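Below are two complexes that have chain A in common, paired first with chain B and then with chain C.
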Partner chain A sequence: MQKVIEKAGKAFLTGNEAAAWAALAAGAEIMFGYPITPQNEIMHYWTRLAPKYGRGFLQTEDEISAGFTVCGAVQAGKKAFTATAGPGNTLMQEPFSMAEAMRLPLVAIIQQRGGPSSGTVIYSQQEVTLTTFGGNGEGHRIVYSTASHQEIYDYVIKAFNTAWKYRFPTFVLGDGYQAKMREPLVMYDPEEKGMEMVKPYPLVGLEGKIGEGREPQHLCNIYSMEEELYEVVMKFAAEYEAIAPEVVEYEEKNCDDAEILILAHGVVSRAADDAVKALRAQGIKAGYFRPITLRPFPGRQLREVIAKSGAKKMLIAESAYGQFDRLVKQEIYGETIPIYNLFMPGVGIIDYDIVNKVKSIL
Partner chain B sequence: MVLPATPKSWYLPTKPHKFCPGCGHGIVLKALGEAIDELGIQDKTVFGCDIGCSLLSWNFFACDSIQTHHGRTTPVMVGIKRARPELITIGYMGDGGGYSIGSQHLLNAAVRNEKITVILVNNTNYGMTGGQMAPTTLPGQKTETTPYGRDPEITGYPTKGPEFVAALTSDGAYVARGTVSKYKQLKRFIKNALQNQIEGNGFSFVEALSTCPTNWRTNAQQTWSFLEDEMEKYFPVGEFKSPLGKGEK
Partner chain C sequence: MGLIKIALAGEGGQGVQSIAEILAEAAYEEQKQAIYIPNFGVEQRGGVSIAFLQVSEERIGAPKFNKADVVIALSKRAVPRTARYSDENTIFVYDSSFTPEEEELPKEAKKIIGLPALDTASRELHPRVFNMIIMGAVIGFTGIVSLGSAKYALEKKLGAKFEKDPKLRELNHKALEIGWNMAQEALKEEVAK
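Here is the complex of A and B:
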């Protein structure tokens, strides 16, 4: 496969453009997509670039089809992906759930927009519940919540490896701000950097003659007996829990002596980081904790931070009405630290909002 | 200053409308407004619009109006009609909404001969999302997702909506394709489609060939020539099916 990035270098791009380059650099062979703001430019850049590197694209008739074509392509052994947002993410829950049920290494980039329904085309963090636990399944998915263009680039590349290594559908959860803003980042070839890219392999269309040397493949996601399904789901759950410690990622700053912990994810964690600096400059001992993986969630690490800091209060800030908050609470069940909220559904949060909120609760 | 007469069924506080200059949506909606006026159905009409540039018409008429989801206008209108058959329901959508994401609804509503009226604007692209390929994009036409021109080998040939709706519907259906370049004819087709619903004959469908200078990146002359020379050649204008008398081809 033709090298996409010859030499690592700085670039100044939108997040959507960074995502398209990252998918190319990761060796994605085909994208399936349906237009929706604020994801469109991932497709626009991909359709311009892909033919130059011998990669494919199909604009499907809707998101249901985009998701299922990705399911088919990965079963055929190709690194395939899609990108969507908002109501498109809703429609993709059906194929995402097939990917969960059949352990398909589907990769999807989600650029969250306002909801419910058509909402806004701009920004939100309101697709957390849908992306982590959507569909009629158990949330056996891996979800990276990015905060910068560098992370979009890094985690889109990583998502392909994670998906193909562990075979759980893998999501890069961005948002409209990250999609449309321009920001500097370094683009690189992952293998030049020493990253080993996991090789894709097919589940159907295998080498060899059936009956001589290979058996026919019969893949299914429906079972006749309750017990059969039970076995499957329990096996997935055990495997998911076993790999979780390797997959979990988080970031923590200034937590050791914090009297108040600020929790945020995605782009809001940048505001939280700035707020911590501002609060510390004013003599308020604030610390910040940010899960990078929302699934699996760094629950143990968060409990440790609560314990070691001895913080008296915790503030959860998000551009949604409590979706992240619910995720955190279910993960730290039993902790007694008082939790406060800053819920701003569908609008941006800046350091100022967090600083004010912290002062109002201290 | 004498302003051109506006249909009585237009909702004046939302005028001037918000479509781009040179957009065909306004012309289609004017024809629809005049047809509603002439048939005297303003008070019992429910207008439903899709997500797409058609959504800019959510408060366009002084009629009860509902904005739905992208592609889902047809089933919402079917629901209203099934619940209240005395109402006149009009689904208004783009070619992406109708032929792509909502195609299963269009197909099944046509097969069931649902007694609703669907007006679909064909501007050969996805207007609202910034000009991607639509099912109606012409071979060779450049869009944001066919930057090197639409290749029928990869994406097939443009959808011919009225032709497929005509093939699927049974007796009583009304199917036509008009164009914003022939206003009187377009208005007649739309009026027929509403009359057909009033008579309770069957599914009524009008595709309107329309302009999108913003995404075509065309000036006035190029816009009109793309419509009349390219689109109207590919998509024949006329009535495909009419229980109201003889169809005009």
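Here is the complex of A and C:
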């Protein structure tokens, strides 16, 4: 496969462009998609770039088909992905659910927009529940929530490896701001950097005779007996829990002596980081904790931060009405630290908002 | 240079997004951190278009902000849309081709300036370089980039057009400089007070 980035270097791009370049650099072979703002430019840049590097693209008739065609392509052993947002993400839950059921290495980039329904085309963090626990499954998915263009680039590359290594559908959860804004990042070839890219492999049409040369594949999304399904889901749950510790990622700053912990994810964590600096400058001991993986969630790490800091309060800030908050609470059940909220569904949060909220609850 | 925050607003087609994009590109060329984000909501259907631009030597936090250092409103209805981004440290600029309603102007501003950008472009240059006067003025008010870097970024965006018609380059550069001078004069007046 032709190298995409010959020499690592700085670039000044939108997040959608960064995502398209990252998918190319990761060796993605084909994208399936259906247009929706604010994700459109991932498709646009991919369609512009893909032919130059011998990669493919298919615009399907809707998001349901886009998701299912990714499910098909990965079974054929192709590194495939899609990207969507908002109502498109809702429609894709059916194929995402199939990917969970069949353990398909599907990769999807989600650029959250306002909701419910068509909401706004702009921005939100309201697709957290949908992306982590959507569909009629158990949330056996891996979700990276990015906060910068560098992370979009890094985690889109990583998502392909994670998906093909563990065979759980993997998501890069961005948002409309990250999609549309321009900021600098460094683009690189992952293998030049010493990253080993997991090679894709077919899941169907394998050589050898079942029972003699190889085990059966069992790519199944429907069972006739409840015990059969039970066994499969329990096995997936155990496998998911087993790999979780090596997949979990998080960021923590100033937590050792923090009196108040500020929790945020994605682009809001940038404001939280600045807010902590501003509060510290004013003599308020604030700490910052940010899960990078929303699934699996760094629950143990958060409990440790609560314990070691001895913080008296925790503030959860998000551009949604409690989706991240619920995720946090279910993970730290039993902790007694009082939790406060800054819920701003569908609008941006800046450090000023967080600083004011912290002062109002201290 | 600390963090500089700019909000540019106007009608679709006035080029506020292009100005912000070129300035962001110029800042990037100067090895600065830059974030430019368009407010891409209803304006695609003919409303007011707003561009948010932040430039700093250090890592920039949230892509949006509460109060700007400079707000530029290029149409009458852009004034009430952007007044909220102004506080006592903000230079609030509007194009003097229209007269804003008194009650729509920001309650708080360091200075409110009516800049004759459209008028000057029409009289001395060409109406189409109106937005280059505005870009020059933004640079003059904030010093976010040098005029040289702005010209370089402009070349990257419009170089092909300039090659075909070198007069266009000259016209754009002239407009940039006029805008820069306008801002310098306006700032001097402030000092004189």
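Before moving on, here are some points about what is shown:
Definition applied: the second predicted complex is superposed on the first by the 349 of 362 C-alpha atoms of A that agree within 3 Å, B and C clash if a C-alpha of one lies under 4 Å from a C-alpha of the other, contacts with A are read in each partner's own complex, and residues count from 1 in each chain.
Heads up, the rule we're going with is that a contact is a pair of C-beta atoms (placed from the backbone, for glycine too) under 8 Å apart; a residue touches a chain by one contact, two chains touch by 3 or more.
Because the structure is a prediction, the values reported are computed rather than measured.
Once both complexes are superposed on chain A, the partners chain B and chain C fit side by side without clashing. In the superposition on chain A, A:Tyr240 contacts neither chain B nor chain C. Contact with chain B, but none with chain C, is seen for A:Ser117 once the two complexes are overlaid on the shared chain. Counting the residues of chain A that each partner touches, chain B and chain C differ, and the larger count belongs to C. By the touch criterion defined above, A:Phe32 reaches neither chain B nor chain C. Superposing both complexes on chain A places the Cα centres of chain B and chain C at an angle of 70° as seen from the Cα centre of chain A, in steps of 10. When the two structures are aligned on the shared chain, A:Asn40 is found in touch with chain B, with no touch to chain C.
In the overlay built on the shared chain, the residue A:Val267 is in contact with chain C alone; chain B does not reach it. Contacts of A:Phe68 after superposition: neither chain B nor chain C is touched. Superposed on chain A, the gap between chain B and chain C at their nearest CA atoms measures out to 6 angstrom in whole units. Once both structures are placed on chain A, chain A residues 37 are touched by chain B and, in the other complex, by chain C. Interface residues of chain C facing chain A in the complex, by the touch rule stated above, are 21, 24-25, 28, 33-41, 60-66. The touching residues of chain B, when paired with chain A in their complex, are 51, 69-71, 96, 100-101, 103, 126, 129-130, 132-133, 135, 144-148, 154-155. On chain A, the positions that touch chain B within their shared complex are 33-37, 40, 43-44, 47-48, 51, 57-59, 61-63, 87, 117-118.
Residues 12, 37-38, 120-122, 177-178, 180-184, 267-268, 270-271, 273-274, 348-353 of chain A are the ones that touch chain C when the two sit in their complex.
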